[in-house]
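Both of the next two complexes hold subunit A, though its partner changes from subunit B to subunit C.
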Partner chain A sequence: MSAVKNYDAIIIGGGHNGLTAAAYLARAGKKVLVLERRYVLGGAAVTEEVFPGFKFSICSYVVSLLKPNIIRELMLPKFGLELLPLESTFTPLENDYLLRTTDEDQTYREISRHSPRDAETYMRFGPLMGQIGMAVRPILETIAPNAIRPSLADLGAMKKLLNHFKTLSDEQFEYLTKLMTMSSADFLDEWFEFEPLKATMSASGIIGTFMGPRSPGSAYVMLHHYMGDIDGAFRAWGFQRGGTGAVSMAIACSAKHFGADILTEAPVEKVIVKNGRAMGVVLENGDEYQADKVISGLDPKLSFLKMVDESDLPSDFVTDIKNFRIRGSSGKVNLALDGLPNFISLPGDGPHLRGAISISPSYDYLERAYDDAKYGNFSQEPYMDIIFPSVIDPGMAPPNKHVMSCFVQYAPYDIKGGWNDQKREDFGDAVVNAIARFAPNIKDIILHRQVLSPADLEATFGLTEGNIFHGELTLQQLFVLRPAAKWADYRTPIKNYYQCGSGTHPGGGITGSPGEMSAKKILRNW
Partner chain B sequence: MSYGNQFKAHTQLKLSPFFERTSRLNESQEWRRWSGYLAATNYELTHENEYFAIRTKAALLDITPLYKYIIEGPDAQRFLDRMVTRNIGICRVGQVMYTPWCDEDGKQIDDGTIQRLSDQKFRITSAEPNLEWIEYNAAGMDLSIWDDSYTTAALAIQGPNSRTILNAVTSDSLNNLNFFWMMETRFGDIPISISRTGYTGDLGYEIWMDPKDALSVWDLLMDMGKPFGITPTGLQALDMARIEAGLILLDVDYISSRHAIVESRKSSPYELGLGWAVKMKKKDFIGKKALEAELSRGSKWEFVGIEIQWAELENHYRNVGLAPGLPGTAWRTSTPLYKGNKQVGYATSGCWSPILKRYIALAHVKSDYAQSGSTLDFELKVEHYRKVTPAIVVKTPFFDPERKRSCPQ
Partner chain C sequence: MNQFDIIVVGGGVNSLVTASILGQSEKKVLLLEAQNQIGGLASTTEFAPGYKCNLVNDVVKWIDPRVLKKLDIESHGMELFSPDVVRIALDTDDQHILFHRNADQTTASISTHSEKDAKAWKEFTIYIGNLTHFLEKLYELTPPKLPDIGLKEALSMRTMLTPVRKHGIRGLVDFLRVVPMMMPELMNEWFESELLRGAISAAGIHHITLGPFATATGYNLLHQHVYSDSVFHNAHFIKGGTGNLAETLLKSAKSNGVEIRTSSTVQSIDVANGICNGVTLEDGERITTTKVISGLDPTHTFIKLVGPAELNPSFFTQVRNIKYRGSVSRIHFALNSLPEIKGVSQDQMGTVFSVSPSIKYIERAADAAKYGCIADDPYVEFTIPSIINSNFAPKGKHVLSATVQYTPYHLRNQTWSEELKVRLKNNVVHVLENYIPGFSTQIKSSAVFSPMDLEDKFGLTEGNLNHGEMTLNQFFFMRPTISSAQYKSPIENLYLCGPSTHPGGGLHGANGFNAAREILKL
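Moving on, here comes the complex of A and B:
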């Protein structure tokens, strides 16, 4: 019954970070096996044909933060990485709109239509955030040292960071401190006056987080979203041809190219731990695989509370993991359309449909959406980040049909009465109604609708509580504290058991960074 | 911004109120962006005739894309005097002053002209939007600020015949209008103001008007100017003229301290050859402390003219069997300047001056190497190979005709 096979390393979970770790380990000559529970690879970065002819990046839907060195080192363009630019951010309003594009003159002109002062400020704000992003990047690119009981190597890493911080300008320091401590609304109020602009910018401070734009700490999440670059252009968001699943497939192809084995429909039941040492894994079907190292790409809750027994772990660590905040706050609605929505404020086709559409008319709108969630309901009028993948990449839908991806916040995991089919459909209706306020024809063109509640995200993708980042990006669980103090360097209290998912430093998004740094850390001490 | 033009172009860029005329005249259909406007690069297929119009006839340029702000109120003079480096207290009604302005660190933000329209009313022009900076510094002052960028259209008429043409159109003679002064007058029944200013270093005027009168003004000038060689002129020719005049261009010769990102990109007025426009006797102005310190310690950089020496340049080309290669248009690619093996500066814009028959450029040079007459090595590429060729530091303006300032006797 149980065929025992030997590997240097086994990776639990074929999400993009697990695949990245696999590719790096295989590239270093290790014999690697990736075990994925589902029939497709990619985890939350996955493309599926949900309705015949209609393909969806059903969960994670845009790419910005994928690290350039990973793209180079894993030769991802050779294996199918094709990032198309998202050209604009469109905020429809009741009787007007705000449209920001990649063109500076056009954006200046558009913002000055609402506030000439904001238009000027905006031109300075972007480069400044780029500078702050540069200031933070060395932290993101450092394997989190053990700050509580530092080794010599940890001290070296900390000294390097300290030296980096000495090179920062006063301005960088000032704004970094503010971004680390303030709410995104307060931070943006210091810069801008036009509410829809501020609200839309603040929205990147709440994505994937159970906070509103006025919650302190949301400014950091906003910065996290500013860190991305594509081809050296900071703050550029891109759409992968074929959906985000194609990013995962490119990484998987790279891993295979370097010799990794990948198995799908191979759900891991348990990590085999003997004498405080991981020895391999056993699958749900009873198959066993032995390996020198076992690396979990799952979130911290699954990695430590499900894959191993609590008795194999120190109790303070178990407490830390139990306290790790992983509240799901968002859902996803994927629509198959018979045409394109017609926005009242900007009718017809145009560049505004080739970018992100943000339903974020004001701070109050976002805060009210959050208020609903605080008290256990989904938002009646939710914040949404919408894209039309088929407008950017016609291959995503049949000719003249379209797919629409709506990231929706807030939808609390712990909803009153629990999530059920009725609740899910009610949530879907609220989303469609919220869109219809700005584009009434939406209701006439929906062919199919897929609604994913946080409970669905958990059941489908193994995202505990449906949290898209494997744990919120709040200060108390970042860097040396992600996911727990002393265990932020991808090791775990169990020898030869490692972690490489978004629940580790530097966190969520399609960055590949946790996978890469985990692999590099493991290889360093192999 | 729409000015009610009948002519429409399929563009996302702004169209000036003169676009209905300029778009039809632009035979090359070459356009550049200028402050988000579609602005003619050259009207003819080459810029040469337009360049010579500036220097020998009269060139007509659409300068509407300039940013313009009206500052009005009891504190207007006090405010501007605090904002800019020149002494606005001595600027009389009808006078115009060119001035830079700086941040608190004495680093230059922008430069432009200030027109005193009345005792309490000024118009300031700038290359980049400055509304935010103006409003920020006007806090607590008794004045109003009006973004005049879309409410006033502007033309420049530049060249030796410009006065003759204007005299033929205006109700008042311009013979007594001095350099950097302005007057209110009329073209027929159209009210306009004319300032004796420009960006060419030649005799020339700038005409300020209500956008609704733009086409009539254009037509009058083109009509009356015809016998005197009036020529619609684009930015290519203007760029050469302004280099000859030694006039700096924001984002080419320097970067606004508000957008510089890193310190090393910022320049003080002293480092841009504008020390003459910094009035230290003024009680206080933004950046004064830092500029005082710079003045006493000496500036690290100077902004100078250089002349690339002909004989050596010719030799470089002769060695590869070619006639000397000269730029046909103005360039704006930063080009290294060396002293021996050490880079001591960089030229930011340059051109072959057809009127001077000299190859000239504007350059940032470390102060130790910036004395007039000193020789530097200018980097150039001859048939794909890098060479250096001598360039001599010279005083600007390169071209400074007497007619620029004089009035008819």
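Moving on, here comes the complex of A and C:
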């Protein structure tokens, strides 16, 4: 055994939440060490040069939900945070297209080209969703109380939330209830009529979720993606200059600025637990680090079923974690291009290439994609959310070349016959073919292709089953039940062992929120 | 002077319960039923010469004990037949799973498929039974008006503490966890046998349009097991046919002084200045009253009978947005002889059979409905009611009644027609042939009720048997809409008592009981 080093807190995993927790703890004067398994920081929010000259946000690719107070408190702009707005959402159709941009008037004209009624409704819908998002924010910003044995502070927080709910109007409350329980398709059907518009909007309800737009529960995921839409304007999604890895790097720099130590290529083997108390960690190479607190940024399955022994945990908790639903449903295809695709319905360059491109022509298209996955296959014609980072940020690719990032659903983790090289390539082919339906020249301009199946996401990023949210955002896995009742407040049944990943409240996305709230909770009782 | 204090529109189970309880309290009550017999979804009728059937429901899952007690149902002559085998999940290899009233016997039946599952069975039934205690208490409540809940309403919900005390907060957490679950998820926590997983999941999709992969089918599963005393798939037949439940309630109502008129179709519910003051019948007769209580669904009640002009716009939108989407059809077969089901002895035939070989089988059937088609291989649940009631068919002959999912009301690129009903019937016969060889040769005649027919016959909007889907967005304080969940409508003196209200569908009478209680409070 090599030398033992002492820290106040050790954080397992250098993802953006782990780094955020580290930065907050260091900012409070604690001696902090972050241990990252890979050679590069960021976890799923990472930029890598996969092919020479071509840089990719290989996993998580857009930013919207990063909390403003985190940006401010950790001084992230000073350390390189620079968000470039995504200007549009473009939905190519058979012989037409739907385009929504940051310019409200243009969006109004574009939608009314298909349905004047929808154009009117759309202008009311955004602000309403903004209001509902605001109504939910206090929940997201509350440390989830211990539902089994609430503390006084928990009761106080609950009372505050209840009082907050009483201030909602009947209408807001009704829509909030509906968003918590309905399918995104049903919810949108109450508002809109133009199918491609509804399908594209509903798609944010299926991202990272093993459900179709007609599955109840998908409306909540849609709301989750609207949280960034605080001003009631267009969904304010942005792209980080240099890729999402640069967000992680900004947080890492902030953490270092406050004095945190960060080690890469330092995979943790186990948390050292003695008498029900976490004492430190041991690395795969045998190095040991001691600390007062150990905080895991990994998903609940890894945090509790791998990093510690089951025998150190109560059996009902182990059951809860085993039952925690974490089905991977998406893959990622990153393409290096020798030019830009030419869409049949809107040829040439234009603002539609500076935003998100959504392959979601109809509910049925998305549902059929889901059906494939339900029965254990990847979607033959998948849903895709595509961006061209190099159009917004030329530094991502060599001159006149481009990078294309395709988030693809559905690709089930549990696929018939299991994932292998052949399956991965077949999946990649299905993706390219689906794009080629709308932009046939894609096949001629691909220089390199990186296909990441859910199995690859698991192997590379340690995302169990390749689930990008560290566990699905379904009702029974939210708030006081995320990841398990009694342990939703970032504590764990092991003393001095904490959690700070997306598997805790308020869930996935580049929000930094679990990291921030976990650190604040830990500091409160230090 | 009004001749009646209260008019109840509709003669289904809940309407009868409400009318009867109000009659008991010395109110002068008139009940109006459009059909020539009362009963609604609890009707028994002749569908072919000499052959009778229970039109919609062959069994009742539970009856609200408060109703049984308050109306002293048993003294009015209703007899339940509670079979020992409550359900048989058919297996293509004749290794059927028999769900017994006694969990230990079920265990033996499951063990031919999986020892592991057999071991877990009893614990599962107790687990589900415990969770239903939370619903039982919840179902006794009038939903609070949210979001601005007052102290009085909060206090009225304190009975919810009873199950919490009994099962601990852990029990409550499990309840909150299971309600939003989908069937495969719940099954992954318990069982491995495909047949068993499918058979249990059938409870989650009972009478709804969604498949077992839909979130919150857990809620529907629990709903089916309220007051089941941990007997999974609990079912009771009513001797003489389900119509006898209605007949019994009719007797009770009459003994409480309720006046009943059948073949009296209400043409409009009359509202002046936002206040309801009576009804007008199809024949032009106008009956004034102080209060009208509708057992019909909200669309029928408010849009057809009251009329959009009398509704405030936000309530009108709420009603229009209620999700109905019936997808259940009923097919009654008049048979020349007793069908022989492979691997089932004759003394076990008085039960419910289900064709649900796996979760995916049911889900594929639901997929068809999603795209607006009828399922080629539908989920079929059937009974042979003539075994229990010898008067249902001529001697030696039998009736087989099937409930078929998924057959959507909203079809795409086609409409419900006689041809489609024949196709549906053929699909069902084809499925049943797998278990009853030669079934098609036994059929003398048949009657098919599509969701469209159910709409026409019973006034069920979109043919939905629950007067609105049993989903979380239409649950408790959202049922039928957020502004009418207290059995009271936004129109003064107009009330609701049907399955569209809390706690939803089924022949249990809880809605009617709660509605009567609210009205008597005034």
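Please note the rule applied: the second predicted complex is superposed on the first by the 519 of 526 C-alpha atoms of A that agree within 3 Å, B and C clash if a C-alpha of one lies under 4 Å from a C-alpha of the other, contacts with A are read in each partner's own complex, and residues count from 1 in each chain.
We adopt the following convention: a residue touches a chain if its C-beta (ideal position, glycine included) is under 8 Å from a C-beta of that chain, and two chains touch if they have at least 3 such contacts.
In this text, all values refer to a predicted model and were calculated from it rather than measured experimentally.
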Notebook entry, point to check: Which chain makes contact with more of the residues of subunit A, subunit B or else subunit C?
Noted result: C
Note to self: After the superposition on A, what does A:D421 contact: first (subunit B), second (subunit C), both or neither?
What the structure shows: neither
Note to self: On the A-aligned overlay, A:D170 touches which partner chain: subunit B = first, subunit C = second, or both, or neither?
What the structure shows: second
Notebook entry, point to check: Now for A:R124: first (subunit B), second (subunit C), both, or neither, which partner does it touch?
Noted result: first
Check: Which holds for A:M211: it touches subunit B only (first), subunit C only (second), both, or neither?
Finding: second
Margin query: On subunit A, which stretch or stretches are contacted by subunit B in one complex as well as by subunit C in the other?
Written below: none
Notebook entry, point to check: How about subunit A: which of its residues touch subunit B in the complex?
Noted result: 103, 105-106, 108-109, 112, 116-117, 119-121, 123-124, 127, 130-131, 169
Next item on the list: Mind listing the subunit B positions that touch subunit A in their complex?
Entry: 1, 12-14, 33, 35-36, 129-133, 135, 147, 258-259, 261, 263
Checklist line | Residues of subunit A that touch subunit C when the two form their complex | finding: 147-149, 165-166, 168, 170-171, 173-174, 177-178, 180-182, 186, 190, 211, 214-217, 316, 323, 325, 364, 367, 371, 374-375, 474-476, 481, 485
Check: Can you list the residues on subunit C that touch subunit A in the complex?
Finding: 146-149, 169-170, 173, 176-181, 185, 188-189, 210, 213-216, 314, 318, 321, 323, 360, 363, 367, 370-371, 471-473, 475, 477-478, 482-483
